[in-house]
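Pasting a structure here, questions to come.
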Amino acid sequence: MIFQIVTLHGHIIDSLILAKVLDTIVMLGGTFTLSEVTVGTKREDPSHATIRIEAPTTELLQVILRTIQPHGAVVEAEQNCMVMPAPADGILPDDFYATSHLGTQIRWQGNWIDVPQPEMDLSIVVKTTPFSARMVPMGSVKKGELVVTGRKGIRVFPLERPKERDVFGFMEAQVSSERPYRHIIIDVARRMKTLQQSRKESQGTGKVLFAGGPAIVHAGGREALAWIIEAGYIHVLFCGNALAAHDMEASLYGTSLGYNLGIGHSVRHGHEHHLRTINRIRALGSIQQAVEDGVIQEGIMAACVRQGVQMVLAGTIRDDGPLPDVITDSITAQEAMRAALPGVELALLVASTLHAVATGNLLSASVPTVCVDINPAVPTKLSDRGSFQAVGLVMDSSSFLRELARELGWKG
Amino acid sequence: MIFQIVTLHGHIIDSLILAKVLDTIVMLGGTFTLSEVTVGTKREDPSHATIRIEAPTTELLQVILRTIQPHGAVVEAEQNCMVMPAPADGILPDDFYATSHLGTQIRWQGNWIDVPQPEMDLSIVVKTTPFSARMVPMGSVKKGELVVTGRKGIRVFPLERPKERDVFGFMEAQVSSERPYRHIIIDVARRMKTLQQSRKESQGTGKVLFAGGPAIVHAGGREALAWIIEAGYIHVLFCGNALAAHDMEASLYGTSLGYNLGIGHSVRHGHEHHLRTINRIRALGSIQQAVEDGVIQEGIMAACVRQGVQMVLAGTIRDDGPLPDVITDSITAQEAMRAALPGVELALLVASTLHAVATGNLLSASVPTVCVDINPAVPTKLSDRGSFQAVGLVMDSSSFLRELARELGWKG
Amino acid sequence: MIFQIVTLHGHIIDSLILAKVLDTIVMLGGTFTLSEVTVGTKREDPSHATIRIEAPTTELLQVILRTIQPHGAVVEAEQNCMVMPAPADGILPDDFYATSHLGTQIRWQGNWIDVPQPEMDLSIVVKTTPFSARMVPMGSVKKGELVVTGRKGIRVFPLERPKERDVFGFMEAQVSSERPYRHIIIDVARRMKTLQQSRKESQGTGKVLFAGGPAIVHAGGREALAWIIEAGYIHVLFCGNALAAHDMEASLYGTSLGYNLGIGHSVRHGHEHHLRTINRIRALGSIQQAVEDGVIQEGIMAACVRQGVQMVLAGTIRDDGPLPDVITDSITAQEAMRAALPGVELALLVASTLHAVATGNLLSASVPTVCVDINPAVPTKLSDRGSFQAVGLVMDSSSFLRELARELGWKG
Amino acid sequence: MIFQIVTLHGHIIDSLILAKVLDTIVMLGGTFTLSEVTVGTKREDPSHATIRIEAPTTELLQVILRTIQPHGAVVEAEQNCMVMPAPADGILPDDFYATSHLGTQIRWQGNWIDVPQPEMDLSIVVKTTPFSARMVPMGSVKKGELVVTGRKGIRVFPLERPKERDVFGFMEAQVSSERPYRHIIIDVARRMKTLQQSRKESQGTGKVLFAGGPAIVHAGGREALAWIIEAGYIHVLFCGNALAAHDMEASLYGTSLGYNLGIGHSVRHGHEHHLRTINRIRALGSIQQAVEDGVIQEGIMAACVRQGVQMVLAGTIRDDGPLPDVITDSITAQEAMRAALPGVELALLVASTLHAVATGNLLSASVPTVCVDINPAVPTKLSDRGSFQAVGLVMDSSSFLRELARELGWKG
């Protein structure tokens, strides 16, 4: 649908102008939304109306606009966006436009141009010949690049409800431990099956992203997650040193942070297991090598390697080791995560505040996202930061993964 | 094992008295524990030792005591307990002994007498002819009844590890959402199967107590809990008005607090459903009648009625209605709960701070107890109050019940 | 403001009817809100508009309605409410109307009648000669009383923003531990001072309600709360046995649950202190007597007695004792709480899930309410139940009370 | 105190050997602890005792050992530690010894040598000429360096209670929101004053470390923390990009994450403020420059710059920007944190899971540590990882900082 915003001002109620304009729009085949009507409280006061006119084609919209302009309808001023060169590498012009994670267009020489891959809190850098626009993090901008400034000539599209009539289509506040979660897990599983089916039939390339923390291993969700990955339902994994280390500790020692997963008790000297695991993988050179050598035979990492899952392991100051695969520079890691996002059509953020918020910051608002944490503050924090498409589940990660795996066919 | 505590005092180290006494005990066939040895820091200072002597029979213990007494071993003074009459109904003597939930004996005319059904924070009332002792809540004592006072002539037995080598035999701090829970649920299910088997074979009368809150219904655990009850694994249910009302609301309307459990959205005017449900049951006279009339056909309440589960519904100031079965007086409700406890050999406290703490207060320390809540403060609160035998699980109630039901054979 | 809803239907856009009607309303001195406009998508389709007309007087509203009716404006059907007799004591007719906590009117013989003291989840009982209407809990209705049924002839007024431009005038979601709380406490203190000033000048009778749990005493908020009460800022107190018992335990023993409040360590046999406290007060007959006798000289209860604060102590199944002032029957306690509410113009619900939710259920939506708890689930639960006027603060009760007391002038 | 462990074996009870040995120790001026006594259950069975002998000087200990050896007292076998060369850079030998955060000595050529700056989960690298030992992270070890392996010749000293009789001297489980916190804050303030006094009098160099998260700014604790720093009570600050960015956002815009800290509401386009702040500081080159230029005039960062506080800002994948001072490589940041720790005698970890756990990992067990978080899981997590000297406070960071500042003399 093409649309244009017009405004009417003056004695448009008693003069019947508003009525005539609305009638004209409908008569010519358009539709309208009266987004704002301010009626003067006294007879002599002017009134004001803002009308959003939609039409199936640009041509018809132009006809409507021409027809109603004699009634005083003013097409809301459209201006091109402004740009200024970056004053230095990594420094934006003072008045730079800060992006949202919603679909965004900028107006350049009279045309509205899509800015691909929307992400919040970036800048928009344009190139002129040929014209292109992209969202760029502050730190990556180069001196002299043209950065969009101010707010003119930029438009942002509100999030549309997804076509599927599932849980992501309803925006009820979901962050409560006193809400049923079954239908949410069923909807998530259905999406995962659909994406997998499309990929198998080579009709789709939609990917599922999983970002998770080490509590998955500690709390007993490892087996279910490994199954989900082996079955081909996950295509991108974001995690830290700890998830990978404890997963492989479980593979080598049967423990997680020295806690025996089978019998549920601490093991003597078990707190060293993750260090010995990390040291061993460092000696082998990479997780992939450890799996290929048969040192790591089962678990989350083994499944990822076997299934060709794209992994980004990001380092933090908490890390022991770290594992050789960990990207220790946070900006480099962020870039690697960003590079893995195109094509992601479902994101599962499980039991990691850091990865949930970091991934939420990178995701376009149009990507259905589920955030699972036993601490209700995590989904709330995500939503406070604007990722309102996130469905929050207040439950432990292990229960979530086991229920999800069962919906996907696991017999565990 | 019979035991006696004796003390030695004086220059027992350099005079070799301690060594001789210990040697004598072992020589005569007893064993000992040196529970306290205080050695004087200067040569002239006296030393002090407390020795717990154990022997297989009372006779042998007497022989040992007679043999070591010449060395100065003083049998720790054993005194009878003191009693005073209650000054008025519901009022205890000032110096009343406050009970713990551990096994307790009082000494009366030279004999140690068991006080049955230990419960914390009660008084001990004795009758003299014939002699009996029982734990009595403050409010139930009658004027003139003899109440144990002071601390003499009372002994309390530390909790012994259960014979079963399962999760209740290990007292590690379990209250963490980053601990695996699978082995705990497997152990709980094993106990439930064993108790059921014993009952079926008429060899046992051990009961399983379930105390729960309405979040079970809201969060989607209703189906699993109803199955567990129908399968005969629960024998006593403690709950409030809300769990029962929302369970039957689900039966009549398919909602819980107006939230459709199947599709996961609020239903128009759905918040009234629980009121209409309560009104309907009030009109029928009781939950049992509603089930027998076929008005309530499935769910937790229906299962309880069909299986003859002993139910205590306790009222609170939050209640709408309440349902006709609710005991609105808190002291009467507490008494009803207390009356249902004899025979309970496993307690599951799920998703209700009030019922978890209230039931924890009533339970003897020897009853294995699992406390499940998504808020870690609840198991912590229980343990702060002394119910250290409680295993805490930080997870949502629905996941707990679904996993438990599956372990017991549910195919849902 | 008086208002009436009217509807227009037909070719009201192209025929200019809508425009004429709106113009007429403004011309005659009324104002309008176009609450719904459905415009036919094809020219021949009829359109539909719902207009809310407001006028300063009933007379002017009648003039406007008479003037626009010739244009086809249909006054939305106004019907009297329906009533049916209650079939038995404590049983409502099947189709009873369940109330909300918003301002409510019912239409009886053509007149809209206020139903005083709105409270959610009750029924409306009417008396005919003379006519009166009141909200009645299910359990209190008597056989044959006329109960309003269905939804006709009932109207509910949306909550208006308070005149004061303070925190209660903004309905932003406030339940987060990552939000500043200072301005909220300042606004609450300002309201408390204003209410107190009005009472002193005998110009107002507005009361402040405080409902709280024992964590106030455990966590160190006792001193500040006692000061606030002594200073005359609280007029109604809702609590349970535990808050009162631990407050007086602190007065008699310096401990709370046996934990020394000054030095921060457990005291030997300290867990018995609350039992001995309760027993002592039972012997004296009442809290008031204990204060008057000088047994309890300081703290929350002493302040309440001295200041004539209206106290309702409600019992639960967790209670030891209980204290002689505790109302053990939950329905009787609820009635006592309800009876204390008229005149309450500010409610502080602190550190008690039970009292927060129970009080929230009883309060009219127009009473500004602050809910303070360290567990974010409590304010969320309150808002899930419809008490959307509640401002939630995620902080510990002691810090809240100390900051509030300082704003009110405490030098502690 | 110097000590040595000796063992006695044989018929030490009936032969009176044990008694004689104990007597000798005391007679010569030593003290002992009987850490293990196993008495044979039959007369012919040998018994066994382990005795820890303490003496004020090495000489006296040698005298005692020589005197009791004729009784059969065997000095527990002392072996030198084992070492192996690291097989490659960043790779430890398989059987490397993993350190704890307790005082540690290794035995080399018959002498016990201190390993300075204990930290958990590192390796011990020794140099031979001259001999030295230090704890080294896995990633920093170089090929061929000698790494301690196995468990022989290593001893670890249990944590001693601090001499001060304050909250850090009592190891009660403190992680509860239902515990008073006043005495803890008073003790912390007393330590801070003592450290400051010693530094002023040039008698001490003890430092206070503060590690915190951005919730401090969001929740309103900024003013108090800035005062504490300006007053000279903090000497090292660990934080991330967010705390610094939001602090300076508050300085430049009066908001935190776009939320006006004064009036408590979101500000239009306010979510961009932190980006504009970061961009501005990037343009200036550093936080220090921004303060020196007068761009940032008040707040936490300004106070740190003015007071010469040693700051380590560590990056994460959540960061926007980041600020020019942020160390984006996690290993480099960890090294910078480690380098700032010598001399730290008090650590405050406030409102940041990441920084609390990361700092807890780096701290020696002997450093008194307070962990403050509104989520009880954070102090619990710290204690799960072995930092048992951490006192946990479950409260919001703003209340903690305001109370602490008041104890230190703030008038806010």
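We just call them A, B, C and D in the order they show up, numbering each chain from 1.
Simple rule for what comes next: a contact is a pair of C-beta atoms (placed from the backbone, for glycine too) under 8 Å apart; a residue touches a chain by one contact, two chains touch by 3 or more.
No experiment lies behind these values; they were computed from the predicted model shown.
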item	value
Far-end chain from subunit A, centres as C-alpha averages	B
Candidate from A-D, C-D or A-B with the same interface as B-C, over half of contact pairs in common	A-D
Mean-CA-position distance for subunit D and subunit C (Å)	48
Distance from subunit C to subunit A - Cα centre to Cα centre, in angstrom	39
Multi-chain contact residues (two or more partners), subunit D	177-178, 377, 384
Contact set on subunit B toward subunit A in their complex	167, 170, 172, 177-184, 215, 218-220, 256, 259, 261-266, 374, 394-396, 398-400, 402-403
Residue ranges of subunit D in contact with subunit A within the complex	87-88, 90-92, 94, 96, 98, 121, 137-139, 257, 271-272, 275-276, 278-280, 282-283, 314-322, 328-334, 337, 353-355, 357-358, 361, 375, 377, 384, 386
Complex contacts: residues of subunit B adjacent to subunit D	13-14, 16, 18-20, 22-23, 26-27, 31-32, 34, 37, 39-41, 43, 175-178, 376-377, 380-381, 384
